[in-house]
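Structures are listed in the sections that come next.
Next come two complexes, and both contain subunit A; in the first it sits with subunit B, in the second with subunit C.
Let's turn to the complex of A and B:
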């Protein structure tokens, strides 16, 4: 009786999992196996594959484009993962403020994440044009740099003055006192407007800033300038998604912990350092893992740049694979593409493993 | 750390009750002021962040209705968003075609257009050379789309001069001069029968000493050092005036063989792909998730493990074989290819976790009553799963609508078979070189409408549900 029930459950289980299993097997397991096989062959999609042994891997090592793609992918992944994790946490902490209308702010903050990479990339490409809004903003900053420095000076002076005067009366006054901040901001704004009206600190630019952001071979640090532009785009769209994860993490921290800390006299920074950060560790691991996986397969932005940027300044491993499989006007090199793809898969696994092992040691320290 | 506690605000407040000496009350007021300031600063920070995030889109949205998306300096106030011009555009559209919304020039249309020139007293106010130029609007494919010239159907221009009053004008050197002005009323009709013409270009050339100070609609641009005022369209209609670039996305990206709007078919393809993907995801994720959560079957752990690995491996690793499989079963260049190719591991995982949270007793009762596994699943479990189903539906729709990679790989030709994101790429290739970014931005914004609607309707399922958004990648 019981045995036939278990048997029935097995049959049911197999039938239920079957549709998903077919999809998983055909489009993942079989595909992964074939990628491995192709990486040992020479194949152009049309004539029969020819055995090539490790030839493709040797060719990869000797291919400067591959080395470049590998370098770009690694640097891009590290830079973007760091940036987006930090910014997502800051954004979540802002969105977690218990004020009226916080739902509206959360909705607005999430907004950049719902759009397609195609639409977002086009919007950013427009921003990054030579005559685009970004360069205009930089021109403005460059023309008003003196004024802004003066404004900062005024702000710091007014704030410090208030602090010194306030400290005489109450010993609990801190330098960053919010009331003083508002007064300083107001004074600075008025003073700056007056100075701007008098033309102080404003200079006429002989030439507006016209940096070529996309169609260039310039590099800055480990990445070409083109990919730095993609870093900006990618961070902008992924931060809100990751913010939601942090937000859930923040909401799961009991208020009583903060209250206890406040009674003990812990500063805001100490609360973050000793309560928020350790409690968010598990979320941070998820965020970093998702970040690594997501950034290593970044492809859309590169493809959407199309002929607006030279191949060498935008190529990543994911795009290298695609580019070898479907070279514009060339013969597909499936062997090279597959070998590159496996390197990408391996890189993903290794980076996730490194992150996990570093993470484990850090949690045990705590 | 505890030493500083005596300095804290709470202690100050607590000690405030001890006395109502004036300085104690003043201190309390200072503390309250500090708390109010904290709130103000908090809102300030929240609003600043929102401005930065939405500002990007606002800039792009403004540029998408502009004539020149790369104008320097960037203006926030320009002709297309000025309501005064909407009134003019409405009237011109009505006169040209009887359609005040989208305008045009069609048989029976009779259009009047006013231009006012001014010059200092003493200068001659000569009649400007006004014409409807033999010009077709737009860039890129527009030349192949618009074959008719407005000038071929318009009657000769009937121009009447009307002198206006003298007025005082202070020039930039601070010198006040007497100026004279004259308005030219230009009238033309659509002669006989013919096609509806979408846009009527217009131009007026006057000596440099004369300044154009008013017109029914402001000129699109000034050419030849300000001597020639040039209009792209003097019969726009309100929507045709403000959303001209949006209309051009539909009108100027057409299949040259059939004449159908490419943008329209991209939109339909993407809709079909997204709905198909949603349906398939719902089936695979619910059955798969249920099996993994509740049923015992051989190979369960292997399936689960493979599923987790599949979420880590980039799609570029497996796409070649998938491309070949799709080619093998003759689905290349069809929406079906994109629908079936994706492995929905993340959604299976979400459903599995959801089913595990359902109390077992519910199913056991149903099974005891003699219901089979399928009946239990279909009649008892699924109806309880609405929140999870909505979550994976949104994920699947958004993912499919925004998907760029698979449509790029699996649908290459003809252009009418593209999905929307790939279509946007082809728009960029066609118009980006000419700097016609307003059309590209208009296309990008229109492509986001379905996910925007989805976002607005199901906002709380998205923003309040980190699992769904987190595993999207």
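Let's turn to the complex of A and C:
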């Protein structure tokens, strides 16, 4: 290659990466630098910034709202990332099975992801009302719990009885035989209807269940009940996209590996443990990393709750930052907001590094 | 006449003619229905006046969080020349120094406004904006529900106990109808708290939740337990008007915005409006004034023209048109005598009661100075905790007092 051609190629390469470099510099390097500078100043968007040194960071440590937001963000991130990763893998494995109507199942699984976050939040707010669908469902379960237990008992008894009787004549009969299942379900349905008519297992509730899911300060474990509602909402909407990643990963594993394992007598669990999981490591790394970043920076679902929940029960680090930048009816505290934003960025980086060093890595474990 | 004389006469005549500004003034406010209102004002009602002043007005409606967008625009130097300023978030905007105070030329306009409205837009002794309209709280009651229950309608003489008794009677008589929807919101609770004589922020700048506050707090949060009301969230609602519009409650406690809401959502509802019930001992009503002013940007290149536009937009002519269109309540005191208020339509009665609410009893603007929404959030949290039985009344108040001590000092 002559010098002139090499020079031209170098220029072409620089031109190719120039737009990205410019946007990276303006929207990341400059913005990060400016944010860092703001975090060392007192600034209200109007008056000239006043140097404050580490004052904003010290104020963060002494602010109970920040500590609460930090605690919520960490717990939310761990809970949701774990839930969504596990559920996405399970769904992907189910969607990867060679069954009829596979395409329909995949479409249904993916459906929650195509809805906008705002629409989903509004639907969930409606579900979580004190007299909403969720509490109505719990009321029904509470009233009919006894009947459901009886129905389950009948089903198990009939199914087991059929299995025992079937085994006396045929060795190949399994407990989950489809024909037996149909008979058991039919018998259970009839028996349950009769029992319900007689009032067995049904109790009148003096008061319907009216759990306050959103507008409450009650906590359950490490999180307020309000954030548990957001956990459900967030998991529901993010699992389908992550499932697609896992599905792509599953389809890239050669069938020959499973065939060889089966020939060697490996059980289904051993196949998952020694083939599927190690082969999915790079995908899991992506899924967990995206999960940690997305959950730590979760903002929209909290913001959309609006007045439906008290600040202390819904605040996360991202919302803390916004709340300081634009306090309702108050003076902007850009210094505090910037300090909060940088802590969030640092926390995200640390969490990803921790999961990389002690959790899943981006390379395949063969 | 010689040519020289003709030129001199023409020159004198030109000098005597008021100069036209030929300015374009950008004004900004909410979007939605407000776009039609402001454009009608500019293009129909005030068209001649604006032409005479040589001013062209361009309305830039904002959909979304107006306060946030305005804050950014003022900070970036891209704000419109004149814009809405809500009393709730007025303080930080005034404090920023980005608002030009009302000039002496417009003082006569300011003097014609209701005093409570000017109070909301006064910062360090200077009037910073001219209120364009306002609202207060009143009690809307469903006459059919009261008739069905055989209970007397609420009236202007009702005190808290009369009010609660009537709601209890309605609730006892009718299935699936409650007295009132209760919301954990200072913007409604204040009507009771202020009636006791309690001051949200006292002369020393502190908030003290004294026995007067406790009395109102207990009355308000026990309305559901006393079978006079229900939590709005139990009916899937977020405000008293929503429950009322659906026919779930006998009364609502809202402002004149209910006129338009009920016209759209419950056009057949047979209702009327009375004032907020009085405190049994002081005999006073409490109320909040929700108001929006026109402010002028201090950095505007056409500041004088912007002030002129604000003067025209808040002139008697403009406000009379707004009032008679049933769109908003005028901020001018003199319009209290307008014929519209003397009508017997539901809209006229509601407007009259709401208008009178601004100067009847203990009235405070809906604003919390430098503390903004953080102040309100503390009371809202206490109300919510007590209504949901997560804290006792004493615990809720004590917790709120601790938070106020941190926020406002003591």
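As a convention for this text, the second predicted complex is superposed on the first by the 317 of 366 C-alpha atoms of A that agree within 3 Å, B and C clash if a C-alpha of one lies under 4 Å from a C-alpha of the other, contacts with A are read in each partner's own complex, and residues count from 1 in each chain.
Note that a contact is a pair of C-beta atoms (placed from the backbone, for glycine too) under 8 Å apart; a residue touches a chain by one contact, two chains touch by 3 or more.
Because the structure is predicted, anything quoted here is derived from the model rather than measured.
S.K.: Do subunit B and subunit C fit side by side on subunit A in the superposed arrangement, or is it a clash?
M.R.: With subunit A as the common anchor, subunit B and subunit C collide in the superposed model.
S.K.: Touching A:30 in the superposition: subunit B (first), subunit C (second), both, neither?
M.R.: The first partner, subunit B, only.
S.K.: With the two structures laid over each other on chain A, which partner does A:210 touch: subunit B (first), subunit C (second), both, or neither?
M.R.: In the superposition, A:210 contacts subunit C only.
S.K.: Identify the partner contact of A:218: answer first if only subunit B is touched, second if only subunit C is, both if each is, neither if none is.
M.R.: The answer is second: A:218 touches subunit C but not subunit B.
S.K.: State whether A:308 touches subunit B only (first), subunit C only (second), both chains, or neither.
M.R.: So A:308 meets both subunit B and subunit C here.
S.K.: Mind telling me which of the two, subunit B or subunit C, contacts the most residues of subunit A?
M.R.: B
S.K.: Touch test for A:277: subunit B only (first), subunit C only (second), both, or neither?
M.R.: A:277 sits against neither subunit B nor subunit C.
S.K.: Considering only the touch criterion stated at the top, classify A:129 as touching first (subunit B), second (subunit C), both, or neither.
M.R.: Both partners, subunit B and subunit C.
S.K.: Who does A:106 touch here: subunit B (first), subunit C (second), both, or neither?
M.R.: Touch status of A:106: first partner only.
S.K.: Quick one: is A:170 in contact with subunit B, with subunit C, with both, or with neither? Answer first, second, both or neither.
M.R.: first
S.K.: To test your reading of the overlay: subunit C has the stretches 91-99, 163-171, 181-189 or 235-243, and exactly one clashes with subunit B. Name it.
M.R.: Clashes occur only in 235-243.
S.K.: Need the overlap of the two footprints on subunit A, from subunit B and from subunit C, as residue ranges.
M.R.: Comparing the two interfaces on subunit A, one with subunit B and one with subunit C, the shared residues are 45, 126, 129, 131-132, 307-308, 326.
S.K.: Please output the residues of subunit A touching subunit C within their complex, sorted ascending.
M.R.: 44-47, 126, 129-132, 210, 212, 215-218, 307-308, 310-312, 326-332
S.K.: Inside the complex, what are the residues of subunit A that reach subunit B?
M.R.: Going through subunit A, the ones touching subunit B are 6, 8-10, 12-14, 16-21, 23-24, 26-32, 34-35, 38, 45, 91, 94-95, 97, 99, 103, 105-119, 122-123, 125-127, 129, 131-133, 136, 169-172, 177-179, 181-182, 208, 236, 238, 240-242, 244-245, 247-248, 262-266, 270, 286, 290, 293-294, 296-297, 299-300, 303-304, 306-308, 317-318, 321-322, 325-326, 334, 337-338, 341-342, 344-345, 348-349, 352.
S.K.: Within their complex, state which residues of subunit C touch subunit A.
M.R.: 65, 67-68, 71-72, 74-75, 88-89, 91-92, 95-98, 184-185, 231, 233-236, 238, 367-368, 370-374, 376-377, 380-381, 384-385, 388, 390
S.K.: Which residues of subunit B touch subunit A in their complex?
M.R.: 1-5, 7-10, 12, 27, 30, 33-34, 36-43, 45-46, 49-50, 53-54, 56-57, 59-60, 63, 69-70, 72-74, 283-285, 287-288, 290-292, 295-298, 300, 303, 306-307, 310-325, 340-345, 348, 372-374, 377, 398, 401-402, 404-405, 408-409, 420-422, 424-425, 428-429, 432, 435, 437, 440-441, 443-445, 447-448, 451-452, 455, 459, 462-463, 465-466, 469-473
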